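Here the chain labels run A, B, C and D in written order, and each chain numbers its own residues starting at 1.
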Amino acid sequence: MPEKILEVRDLVTQVATSTGPKTVVDGLSFDLHRGETLCIAGESGSGKSMTSLSIMGLLPQPMAKVAGGKVLLRGDDLLKLPERAMRDIRGNKIAMIFQEPMTSLNPVLTIGRQLGEAISTHDPMPGSKVRSRALAVLKQVRISEPEKRLKQYPHELSGGMRQRVMIAMALACNPDVLIADEPTTALDVTIQAQILGLMRDLQRDTGTAIILITHDMGVVAEMADRVIVMNQGKAVESGSVTDVFEAPADPYTRGLLAAVPRLGAMTGIDGPASTNGNALVRGMARPLVTVRDLTVRFDIRGGLLQRVQKRVHAVENVSFDIFPGETLSIVGESGCGKSTTGRALMNLLPWQGEVVIDGKEIDAQSRLQTKSVRRNVQMIFQDPYASLDPRMTVGELVAEPLVIHGLAHGSELQDRVEYLFNRVGLPVDAAKRHPHEFSGGQRQRVCIARALSLSPKVIIADESVSALDVSVQAQVLELLGELQAESGISYLFISHDMAVVEQISHRVAVMYMGQVVEIGPRRAVFENPQHPYTKKLMSAVPIPDPRKRREHFSLITGEIPSPVHGLDYQPDYADLTQIGAQHFVARSAIKSAA
Amino acid sequence: GEGSITVTYKDDVSTLDPAIGYDWQNWSMIKSLFDGLMDYKPGTTELVPDLATDYTVSDDGMTYTFMLRKGVKFHNGREFKASDVKYTLDRVVNPKTQSPGAGFFDTIKGFDTASAGEADGLDGIEVVDDYTVKFTLKQPDAAFLHKMALNFAHIVPKEAVDEWGQDFGKHPVGTGAFMLDEWTLGQRLVFKANPQYHIAGIPKLDSIVVEVGQEPVVALLRLQRGEVDIAGDGIPPAKFLEVMNDPEYKDLVVSGEQLHTGYVTLNTKIPPFDNVKVRQAVNMAVNKDRIVRVINGRAVPANQPLPPLMPGYNTDYKGYAFDPNKAKELLAEAGYEDGVATTLFVANTDPQPRIAQAIQQDLASIGMKVEIKSLAQANVIAAGGEADQAPMIWSGGMAWIADFPDPSNFYGPILGCGGAVPGGWNWSWYCNEELDAEASKADAMADPSQAEARIDLWRDIFTKVMDDAPWVPVFNEQRYTIRSPRLVAEDAILVDPVHIPVHYDYIAVK
Amino acid sequence: MIAYILRRVLQAALILLGVSVVTYALLYMLPADPARQIAGRSATAETVANIREQLGLNLPFYEQYLRYLGNLLQGDFGRSYLQKTEVGELIAARLPATLLLMAGAIFCELLLGLTAGAIGAIKRNTSVDRTLMVVSFVGVSAPQFVVGILMLYLFAVVLGWFPIGGYGTFSHLVLPSVSMGFLGAGWYSRMMRSSMLDVLRQDYVRTARAKGLGRARVFFVHAFPNALLPIIAMIGIDIGMFMSGIVVVESVFGWPGIGQLAWQAIQRVDIPIIMGVTLVSACAIVLGNLLADLVVPLIDPRIKLR
Amino acid sequence: MGMLVLAELVKRKLALLGLIIIVIIAGSALLAPWIAPYDPQNQMFDGLTIEGAPMPPSMQFLLGTDLLGRDLLSRLMYGAQTSLIIGVVANGTAVMIGALVGVIAGFFQGWIGTILMRVTDLMMAFPALLLAIVLAALFKPSLWIVAMVIAMVNWVQVARVIYTETRSLSEREFIEAEWAIGASRFRILFKHMLPHLLSTMVVWATLGIATTVLLEATLSYLGVGVQPPTPSWGNIIFENQTYFTSAPWLVFIPGVAIILLALAFNLVGDALRDILDPTQKGRH
């Protein structure tokens, strides 16, 4: 066994709350060896970040403090070191990468400056040497045009590039231990794949021991040598990655793994999971929603007279149908126009094109759509907390659409609200409480109840489960499926998570740069992806199975280009050609996708 | 001259153009920069020729002939001539000059056309030769010689006025004892002695530094530290007692009288003051002694419009004695037994609002409910100039300080019918045709032999005015000048009744 | 960038135009009649009428205003009614004093305010922090005339450390600057404290610490410039407060700036001066804000001027 | 909610101090007719020395007398009425106007919003004090006029703040969600936005009182404020300011009173800001 570098023993970390100290890391112990990757997994709030901050001595002051235990780095107890000595450890012996590449770099300093600082702090050297070393590490993290990057500011880089810079900074002094706290959570899957691949390659070259913190079991399976699963501050399971995945001892771990959606789990099945895999029998039904040539552009103004100078081509000529009882999913990476499509259907922003819902054409001009049309489409948003007025009780919130549309009042209203609460699995007495008194999953149930209250024919669900922990996510997905089975409601399901989409959809549309590049039955798209972008997307998804680990991420490179163009820009429209039953793929346009 | 002194003022010096300057601060500066045909003997109100060596008056009092002093040089080196006299007065009455003093010269022949801009100059001024100038009047004017001593009649050289145009006031050129050396707007002015001044040995100083923007209290503190020689705004009320009770400073203070009366105007056009009984009642109700106490005894209670120093002051007149009970009775007789409400306007600079409040309390005791409007001076003046705006005005801060020591100056604009017009200064809107006629008669008594009789007539006029009680004369303010110990001058010079605060030409330093 | 500046200047010009209309209209409505004041107390009605005509005061409002505006566009603020001097000249003569005072006050504000705020944030919830915060609360609560008179009394009259008012040397500048800066220092320290607390919680500060940087470096290089950003916008707004403050502070200390000029003019309703000072102040405010907006991108590269 | 907020306030030492000061000052203002030792307008004969100087603090006149021989303590108590009335009325009006302008401009964008915001920009460019002085001179000051003048000058900041807040509020997801369920403009404005703006308004209502009290004092100090003999803390100082060396109590006692009152409102307002704005939680 390689040399033991870090040893954590009985670590207890507490945070001060209004009701007294709360233990958030509770007697955690583990060892870390040279060249090893230890994953700490667990759901939100389980204490993963607190653990890493405790080790680094960077707990938020004065709320949190280490209440007991030892953190031994090659035998020295870090917890006993004075701040001065700890500074020599940080960045030098133990380096750290944080979750949010967007906010973890100082916005007012150049990359070169921030990187140079990391180098010269622990190893004072003349400026020119610092520069060449900085350049060297940037090259090491395989960033494009490294010389140029040195002079750039963080906001000029994409998320993936920033995370590369963070890694470069962490590796600048060849640390013994690298702690990466959710380093890829904020990134798109393709970028995530690139970063994970990079970390693996670098580890191979330098032998740095990595503590990788993540809630994504796919990432764990991909990266870990050993795994610790945390729940409520305690390690409930630990062991080698294959042991944990194949023979989880703890019930919590088992539940967790069971809830994780796996890409490929539906291979060979036609319909979504909720229908036991049965495909929708469409028959002669007319489409419930018809969207033709939907285009949304945002103006960017500037110049002397604030004239439109550029446009964001958020959605370009998107067409699709949704049939009664069907779930159509839109997938694609950040910024590709998924949400904009959904919001345009809700008439929440100005759009062009043609939309027919349940036989009624929608007027793109009026923001205040006729109420009757509005009743047929409802929306569930990504962040359930943000989409509920925090000052109202959830009872009022669920009743509100009914009141607005004058559908019920008095005891009838009461009954209806009660029914809805029951339907989404919330206790009826919860109606008097405010949104902040609920958990994330419960809040999303409130949102669903609210959307259901008008008995819409179609619900647009925009990343409605992305913010939830996997176990909760599974429950909500199940609820959505049940509702569909019961009432034949249609969903437009917007998500970037391929595994979830696979589970829930009848049909899938893949969006890239504001256009649909591939659309078809879920099975056809997932099992026989035709467009290069779809392929790339599929291959980037980490599979929560340590045996299916990818050794090379070589397929996945490149960044997504910007959708901002000048006024005279004429987009190349994707020419969708049919290649199978209802399966359409863009052939000529958007070649850069691959 | 030798040495330099520092004088401070709170407000800016606005202009040094003698045709325009009419402020407390610039009045005596202009006097030191320019000379008129006439002047007063330093420290007194006695008229003497200045740029004139002599003058004659025709028997009908309609023609004045001045013989001019020879060899007097303007600061620019040119000799002063008779044509300058004519130019100066033509300029003052020319409406383009916008001189606030133009009206003083309304008795000169040709004034009407000249001041209306219809004629280029005054017909009544004739340049006889370089050293003789003759004035023809349209009516006898007993105060004419005083007017020739006014700043507005101080002689300016045409070429300098032409050169600087509207900015002549910033670049004054005169014949006076001092000339302007430096002027930093808003900060300081430096005057230096005129070596060619026509009176030998004058001025006694080398230079005078005037610093503006200095609060009176600050000025006094600086004077106590020896940084300032004369506090131009006098001893501030806040420091008065302190200074007067301090043996160290007591000797530095010189007091004197000035031609000032502080009064309350009662608008005879607005009820209840359209009733003479009410006006008399108010006269009896105001406790002047207490008001004088409130301003720390820096004044003497007054009972008539004229200040004691003014010829024509009636020493026998007792006025309305303080008698609130009698006042109440009078008010009842006038039909206001249940009291009456009215408004008192006052300028909003200390101590005026305080005095107004003292008056307010006095009137409250006889059942008059007085509301105070404490406004910027300009707004008070504007209100006074409208017949129906200001029932009462306390004149403090804008009060009448005589332009020249002659009783006529206290009548026309402020008590005569001529002033009771929109925009006028007769804020009582008091117009007694009979008295106006008497006033014209008095003004026509220009013959020196009639001087005595003329003064008697004026005395009579002002006593009769008090019967109608359009004013409440409250007090005559005393002058208190404090100077630094190193400054030497006779007391009379330090409280010169014409040059305020001091007669710069006659002071010296140790 | 150029387009941005041009647009902002255009906007500023429009605002100034608005300010001039409103002020002119307000002053037009003032009850005092300038012609009468100029004419003096011995003037006849004809003289007054004549002067009114000369000054164009008998014209309808809009014509008067357009005349004024026309002159203004040629850089002519008109002539003071009572001082008979070019208003531009009067303002120019006094502006340096006001600018000096402003510079002194801003210096005091920033020095005291930023230091106190930063110390408060670093030592948050200690007695040092609490004391500083109470002092800055007093700062924002104390009227400038009270502070001014108090300082004058204490440091000039009683202790004699500084001259009692006046203008000229550095020691003259100290008390007025401090009296004027005290209020702003209070604001800045409170803003700085919360801004700094905000920044110290940011991820990039944690990153900097994770790199093993020393406290001073984390503070000055990473936290300080970021904490400064919201404060720069404040400095722009501050200029408006200054313009109000100078009227009071200059009169307490006898400082020969445009505040005193304005105050004297208001007392005597010398309309051209009031107009001029108002416009100059409005200019300063608008310029201050523009400048602040232009400075921010120099520190913060994320902000692009469009 | 009111009680809860109060309970929170009382928990904070500084806010409690502020509350106590406000209660004392408001109490003495309200009870002045009964507890003030003298009539505030009575120019007492024995209130001045024979020479006419004011009396320093003594057993007879606890805080001394002013230049007209009136009892300073009584005048301060009645002056508190003025300050508080102006503070509450003027600032209340300012908050109302500001909130109205801000909400309308922020919520109904388009030409109405543009016009309102341009007007606000215009007002921002005015030197506030100068404007107030001119307005006060124009309307001949009285208690209510002064209050209105102050309101005219002070609404601008409120409008700015409310505008920004309305704008950011209308970007919030829950407002979008309301649009999505078909809520009308007015429902969104009154049921969903206003309650969120209320806390800002409450904070400004308190913090603004401090500013207002100071502005009134400054106007009075410059002699264009509340008319004598009605006492206001500002005009007490104005009347007596030149006496700061010979009768310092006449200047510094009211000066301290003004500072204390403004301080108290600032302390309470600041605490309210913390309490009412959950995102600010944990800052102190």
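Keep this in mind: contacts are C-beta pairs under 8 Å (C-beta built on N, C-alpha and C of every residue); 3 or more make two chains touch, one makes a residue touch a chain.
These numbers come from a predicted model, not from an experiment.
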**Message:** Can you identify the chain nearest the overall CA centroid, using each chain's own CA centroid?
**Reply:** C
**Request:** Quick one: point me to the chain whose Cα centre is farthest from that of subunit A.
**Result:** B
**Averaged-CA centre spacing for the pair subunit D and subunit A, given as whole angstrom** = 49
**Item:** Gap in Å, rounded to a whole number, between the CA centres of subunit B and subunit A
**Value:** 87
**Prompt:** What is the distance in Å between the mean C-alpha positions of subunit B and subunit D?
**Reply:** 44
**Request:** Check each residue of subunit A and list the ones that touch at least two other chains.
**Result:** none
**Item:** Residue list for subunit B, restricted to those that touch at least two other chains
**Value:** 215, 221, 349, 376, 379
**Junction residues of subunit C - those touching two or more other chains** = 30-31, 125, 152, 157, 266, 269
**Request:** Could you please specify the touching residues of subunit B with respect to subunit D in the complex?
**Result:** 215-217, 221, 236-239, 241-242, 290, 292-297, 348-351, 353-354, 356-358, 360-361, 371-376, 379
**Request:** Provide the residue numbers of subunit B that touch subunit C in the complex, in ascending order.
**Result:** 10-12, 14-15, 17, 20, 22, 95-96, 98-104, 106, 115-117, 166-167, 169-170, 184-187, 211-215, 218, 221-222, 225, 349, 376-379, 381-383, 385, 412-414, 421-423, 425
**Message:** Please output the residues of subunit D touching subunit A within their complex, sorted ascending.
**Reply:** 172-174, 176-185, 187, 192, 195-196, 282
**Fill in**
Per the touch rule, the subunit A residues reaching subunit D in their complex are 63, 343, 346, 348, 367-369, 371, 374-375, 378-379, 381, 383, 386-391, 400-401, 404-405, 447, 450, 454
**Prompt:** Can you list the residues on subunit D that touch subunit B in the complex?
**Reply:** 41-43, 48, 50-53, 67-69, 137, 140-141, 223-224, 227-229, 238-239, 241-247
